[in-house]
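Scroll down for the structure; my scribbles are underneath it.
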Amino acid sequence: MQNALQIVYLIPLLPLIGFLINGLGRNYLSKPVISLVGCGTILASFILSIWVFIQVRGGNTFDPHYFNFISVGKLVIPFAFKIDQLSSLFLLIITGVGFLIHVYSTSYMHEEKPEHFGRYFSYLNLFVFSMLLLVMGANFVILFIGWEGVGLCSYLLIGYWFKNTAYNKAASKAFIMNRIGDLAFLIAIFWLIAKLGTVSFSEVFAATNLAKLKTLDITVITILLFIGATGKSAQIPLYTWLPDAMAGPTPVSALIHAATMVTAGIYMIARSNVLYSMSHITMDIVAYTGLATALLAATIALKQNDIKKVLAYSTVSQLGFMFLALGTGAYVAAVFHVMTHAFFKALLFLGSGSVIHAMSGEQDIRYMGGLSKKLKITFITFLIGCIAIAGIPPFSGFFSKDAILLSAYIKSPVLYGIALFTAMLTAFYMFRLFFITFTGSFRGTEEQKHHLHESPAAMTIPLVILAVLSIIGGLVGVPEAIMHGGDKLTAFLSPVIAQHAEHTVAHSTEYMLMGLSTGLVIVMIIAAWFIFRNYQAKEATGLGKVLENKWYVDEIYDTLIVKPLKKLGSFLNDIFEKNVVDGMVNGVGKLVNYGSRQMRLLQSGQVGAYVLLMVLSMVVFFVIQFFIRK
Amino acid sequence: MAIFSGLMMITSKNPVHSVLWLIVTFFAISGHYILLNAQFLAIVNIIVYAGAIMVLFLFVIMLMNLNKETEPQKNRWLKLAGAVAGGCLLLVMVAALKDSDIKQQQALVKEGNIGLIQTLGKELFSTYVVPFEISSILFLSAMVGAVVIGKKD
Amino acid sequence: MPINYYIFLALALFSIGVAGVLTRRNAIIIFMCIELMLNAVNLLLVAFSKMHHLQMATTNAVAGTDGQLFVFFIMVVAAAEVSVGLAIIVMMYRNIHSVDVNFLNRLKH
Amino acid sequence: MNALIVSAVLGVVMMFSSVWLKSKAAIRNVAIAGMVLLVAVNIMEFCGVQLFHIDTKGMISFDKFALVFNTVIFVSTLLYYLLSARDMEKVGLNYAEYFALIFFILCGVTLSSSFQSLLVLFLGIEIISIPLYILTGSDKRNLKSNEAALKYFLLGSFSTGILLMGIALVYGAKGSFNTEVIDAYFQGSPSVLLIGGMLLLMFAMAFKVSVVPFHFWTPDVYDGAPTVFTSFMATIVKAAVFVAFIRLFDQAFGLLQAQWQLFIAVLTALTLLIGNITAVFQQSVKRMLAYSSISQAGFMLLAVYAMNTDAKEGLLLYTAAYCLATIGIFAVLIKMSDYTFEGFNGLAKSQPLLAATTTVFLLSLAGIPMTAGFLSKFYMLKAAMATGKNLWLVIFAVLMAAVSVYYYFRVIQAMYFKEGEPQQISATASFKWTLIFLAALVILLGIFPGLIIGWLYF
Amino acid sequence: MIAVLLILVPLLTGFASFFIKNEKTVRSWALFSSLVTLGVSLTGLIWLKDPKYLSHTCEWLPALGSSFSVKLDGLGLLLTLLNAISFPVIFIATWNTPYRKANNFFALMLLGQAGMMGVFLAMDALLFYFFWELALIPMYFLCSQWGGEKRIAVTFKFFIYTFVGSLLMLIGILYLYNKTTSHSFSIQAFYDAGATLSAKQQNLVFWLMFIAFAIKMPIFPLHTWQPDTYEQAPTATTMALSGVMVKMGVFGVLRWLFPIVSGAAFQWGDFLTPLSIIGMIYASLIALRQDDMKRLIAYSSIAHIGLLSAGLFTQNTSGLQGVMIQMFSHGINIIGLWIVVEWIERKTGTRKLSQLGGLAQTAPSLAVFFVIIALANIALPLTNAFVGEFLIFNGILSSYTQYYLWFTVMAGICIILGAAYTLRMVRKAAYGNTNEITGAVTDISLSEKVALGIIVLLIFCIGVFPQPMLDLTSGVTESIANKFEVIRYPVVMPK
């Protein structure tokens, strides 16, 4: 019978059409049309996604198979989708948040020239398309296609203002660092092909196939996949591109570098949770990497002065949390956090966008302050975002983060301790940012001051919606401890994410943990209040300076990897190529010429000499013939 | 005898002398012919070589009045090298050919009539008529050549 | 008389001729040396012809004549060569008033 | 036989034509007509029409190979006349005599391509050489020409001496001059006399075809001789002597192959090496062509080395290809006022047609596919390969072929890619058409070598 | 029938165009002829099912045992198609480029096309060699007649270099010929002969022939002719060279080397794969430092070819199949890149990245095409190159050697480097601010739009639906791969 989900192909198709229309027609269409197309397509697929989600909740999953993308020998890679709980959930997040951000962009970008406006929206649509491909793909290759596609879009959008060389450099950096991860991802895929001869999720995760795999294979594959994830989701060691990626327009940062793309890694690992659960080494690696990233990013965020940089590092740190969750086997928690994070981080970014918009492009918080009076809505929504990320009940952030902390605690108290500390830091730097920006007195220039204004509705409405979501978003995953059957998310995802050995903790402990974290967080907020209530910019020193310079990671990479490569390149180009490789070839030519010049001298022009040489050679021949040859 | 005069020929400074020595050599060779009972060749040798050709040489030399020690020394080394090379050639060839399978065979001396004019004549105009004609072409061309070269223009 | 003697004699004369060609500079004398080489060949041929005659006289009355006839042809050719050669030498002399082959070095390399 | 006698007669005719005919044009036309006749009678004989019935007593045999080869030679001589006959006028007054001498040389060629007795070989080679001495020196007031003539003469007659010594020794060993008798079966190791004679003959022939290390006369003589005649001796004569070479070693010393093959291999390698490498640095195209002729000789020597059917077919094709191409190039070269490479600069602009045809010839010499030169080289390599040993020789040969590309293409570069002052070149229409025909022939043979080789099995 | 037409059409039209003096006319004539050729080769695709139209054989040199036999199999179809597509694109793209003596230029181009067609079609070793050289000669004249200021020396080096290689190949051919029982040059006879060779003989033949192909491709360290030539040659010729001609090397290996001396090929794989991979890294690193766009692309091409040869020596289905499609894709992409460079040079008079910048503002449409092609060049998914590289890498990883992992990783590094230098080129040329050179530029005209449009269309079509093209060559690939399976089998199962 025709499956009701027959039409899922429309979900990615519509954004693609939007991309084509905006991309090809960018010189001809007017801004309203462009915005209409841009937002309309996304809205349509959002509605479809809701419908799909409802279907899936009704237990109707669907694996459409369209055509064979590649089939060589025994290897067959179909172009197929997989609609199940996990992907439908992500569909919702992507299209939903995506739509809001589109709307937001229409007014945020309104100063752009029409063709650039069109370009911007085509990129956004293309991004949504690839992201949808990523989550809908029924096998690793399709996933990889989307994976690279979103990378491309982030490259294009980071470098959207292509006049600015620094931005372009940032874009390239992002792309290349992603490539490093992608390479690992690819190798993982090849490994799977070599071992199993297939890449489709359903077949790979089928128990019969898993039995074929040796533990070593699984470990290697999962680690490689994880490296891929570190690239995309900005984990140690490949995280440095994300802060630079803030070069792009703020909505882009919100959509790509906070809400959706960077969570692709989490999606991928959650998708292949079966594999991961089979390799404890990888699990540990994931967990510790995540935690380390979270901590490192949090520390850096403490001293950043660019409003978007702070958010960027907080994103990195939050992603770290998610990986911690994955590493501790709490896949649901990770997905949960992805969702909530999508809400409040998008909210925060858009808020900061509104701030920047109001400050006419100023991003340095040292020149802000006291904005609460002028931008009311932004102020409130931003506050909500901060509370949510800090994790104060009943805001969404609380539930997801708490779930993560819990799983960390289950794994080992040490992990828990560090995670908790990071959570405290989070609260601290977020509110540092908040207070510096919105409280105290204005530190910007005069004409900035009287230019300050609240953003138009197109920007504020998404803010409000997101704020609401960040408040209530957490309710889908209320812990058992608080409300029986409150953890709907786990229940919903259970078909996809196998819940392995339940070692629950006593509810009392759980309460204790919750209380502890909440309490500490509040302490932190108050501390921030006292320190940054009326902030004056001053030169950072000692550790502060190190933090301000992000632990000098970029510099280290530059000296350890980039510079040597360039040196090697120049050496090969200027010395080796010219003198050795080409030298050999030209050497032969020179040799021939030299020989020619010498041999000419044989031709002395003297008859005597000629005869002499002839006679001598005759003698030689005779000697050879009669005295040597036998 | 022949060898000695040959050596004299190539060593004597004065061209005229070497011509004379060469003639002596030819006579010696003709002597061998007679010894080998090849009268015809002996006669022809004396007439053609010692007579015609050598006289021609003499004329030329006179014409160029080279009849004195005009020849300047060419550098010793090349001379030496030449002599040595010639010696080597001799040495090698002798060494190579000395143990030929026919070394014990004899050359018929003083008898045998093949050297006589009539025998040769018969052969020449029966079997060897074609080469004979051909050699006429050779002469023709030589003649033309002499004309071409000699003619003043 | 053993054929070897003749071989050696002829070779000796031949080599003398070669040595002459090598050592002398006077074109005419070089030419004469070449003539000497030819004569050495002639001598050898006659000796061989007699040798073969001795071998095969029983079967073939005229065995060996070919050798002597060859000598005859050689003389013919030699005569022709001489005429041309001397002509060339004379022409040379007309132009550079020398027959020294060492002056023949306009053409080299 | 027809060709032999007719060409002799023609020689005589030409001698007297200078007396009867005053205008050079008339003489030229007579010569060309005679050449056509010569080709005709030769083909007649090929078709079995004997004009003269002479019993050569087994001294000469005009077998198929000889006849086909003669046809090739005569045709190329005809083309040579058509292209360059005019330019003989520049050499000297004895216009008719030059033709006469060339006809005599052709007699020699027919002899040396069809001899069966060493005597005839000797006569043939002498008939070729003596007129050549004269043609070389025919530009009497030009010292270079004189010098070339004298050098050629002295060295030539020296080599004649060696040739005769060789013949004498062979005669001593076998008691006959007839090639079959010489090649007659013998048991045990061959007599040293025979081998010594064979070696001496090899040296003499090597000298005549200018094989290293007996090549020294070639550059000087080719350079010194009047270019018209250089063209003739570099092509037709060389080819003829080569045929004599291969015929001699095929018919007279076939059984001794084991003895001489290695020597020939060494000679080939030396020739290719010296010929090609030395040519690289030459400044004058004429001299470069001299060296190139040496290197080409090296390739032809592969045929002697291999000595199988491929080799003979190949040599036939090779001589054709080589003669046609070289004649063409020389014909153009003669027209040039300046023989250096720079002289060719920008020829493509002033004389596109000459440049184009010359390019074809050069490509052929370099052995680029679609030209006769390629297939002929190909045949040589194939033949050498078929012997199954000395692979190094073949590899060396192709490497040297690559070197040869270097100096041939220098000319092409000069003509096409370099700018030069236009020089007035008198090229009549007939001249151009003949060139085109020649080039077409070269390409045609490059695609259908059967046009020549087929006749062997006709 | 089709096969013969493929050779004849460009050959005859080529000769004809020597005599068309008017520049515009000869342009259109050349374009017309190339379109006809394209049509013919497309008909070939249609008749894929009944091959009687696709092959033709007739007497040529019976004495030599060589016959004029041409045939279109999957491999041939693929490459002739590439060849047939490239030339119209080239002609359209360079529609506005002025040439002295245009008639000679286009005539030589068409002759070159004919030569390459012959190479891809020949089923007779001698014929193959004929066309192999024939393709070279026109290219030589094109380069040194219409090239840059260092052209004569450079192209001459190129010529000699490749000529030496092909001569060695000739020896290899002759050697094999002597081993054939039927004394014929036909490919079948060669296949049979190859089977009879001993290991030593196989190695000999392998190297004699492989050198030629390696120079043509080119494989490190035999590549030095390439950057200079690409830099000096007129860009239209460079397109033909890099788009089609270098494939002759790969093709040669696939048709004339692997099936004949598979034993040696298998044995040397472990030596040549690392060599090609070193070449990839080497070229990529150098490309990273290039300032001249043409040189940069040249080195990037060397890197890609390195990947191709690495794919060749995986000698398994996936790798070879990848090579097949990658040959096509690389041809398309690099021609696209050349078109862009050609346009930039024509408009701005420079190829120096340091002097360019901001073209995205003055020539947005160009920038779009440029970016797309550049992305294809770094094998982004859904572009044509991705399919090929995916398969090749997959082949390397599953190839039969204990170092497969290292090979994959090393080759993988080039993906990253490739992204680095390509994006660097895009950034420096198209992005950033305009300067006095790029400020005055106007956007691309219709002809370039059409040409680039075709390129981009192909990029996406093959990128999204590669399967038809894969099916085209699957037969050939299978047969080759099986040969190697046979060799591997005893090794895999130790007694």
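Each chain carries a letter (A, B, C, D and E) given by its place in the written order, and its residues are counted from 1.
We take it that a contact is a pair of C-beta atoms (placed from the backbone, for glycine too) under 8 Å apart; a residue touches a chain by one contact, two chains touch by 3 or more.
Source: prediction; values computed, not measured.
Touching chain B and chain D together: A, C. Chain nearest the geometric middle of the protein is E, using mean C-alpha positions. The chain with its Cα centre farthest from the Cα centre of chain C is A. Comparing the centres of all chains, each the average of its CA atoms, the largest separation from chain D belongs to A. Judged by contacting C-beta pairs, the busier of the interfaces C-D and A-C is C-D. Mean C-alpha positions place chain B and chain C at a centre distance of 5 Å.
Chain B has its Cα centroid 103 Å from the Cα centroid of chain A. Centre-to-centre separation between chain D and chain E, using Cα means, comes to 43 Å. Centre-to-centre, using mean CA coordinates, chain C is 66 Å away from chain E.
Shared contact sites, meaning residues of chain C that touch two or more other chains, fall at 3, 7, 14, 17-18, 21-22, 25, 30, 48-49, 51, 55, 63-64, 66, 73, 77, 80-81, 84, 88-89, 91, 101-102, 104, 106-108.
Along chain D, residues 119, 123, 126, 130, 133-134, 137, 140, 151, 154, 158, 169, 172, 192, 196, 219-220, 406 each make contact with two or more other chains. Among the residues of chain A, those touching two or more other chains are numbered 600, 603, 605, 607-609, 611-612, 615, 618, 622, 625-626.
Interface note: chains touch in the pairs A-B, A-C, A-D, A-E, B-C, B-D, C-D, D-E.
Residues 157, 161, 220-221, 223-225, 282, 285-286, 288-290, 317-318, 321-322, 358, 360-361, 364, 375, 380-382, 387, 390-391, 393-394, 397-398, 408-409, 412-413, 415-417, 419-420, 423-424, 427, 430-433, 465-467, 470, 474, 478, 481 of chain E are the ones that touch chain A when the two sit in their complex.
Those residues of chain A that touch chain C in the shared complex are 600-601, 603-608, 611-612, 615. If you check the complex, the residues on chain C that touch chain B are 1-4, 6-9, 11-26, 28-29, 32-33, 35-36, 39, 42-43, 46-51, 53-55, 57, 62-66, 68-69, 71-73, 75-84, 86-91, 93, 99-100, 102.
Partner chain E is touched in their complex by these residues of chain D: 313, 363, 368-370, 374, 378, 381-382, 385-386, 388, 391, 394-395, 398-399, 401-402, 405-406, 409, 413, 416-418, 449-450, 453-454.
Against chain D, the residues of chain C that register as touching in their complex are 3, 7, 10, 14, 17, 21, 27, 30-31, 34, 37-38, 40-41, 44-45, 48-49, 51-52, 55-56, 63-64, 66-67, 70, 73-74, 77, 80-81, 84-85, 88-89, 91-92, 95-96, 101, 104, 106-108.
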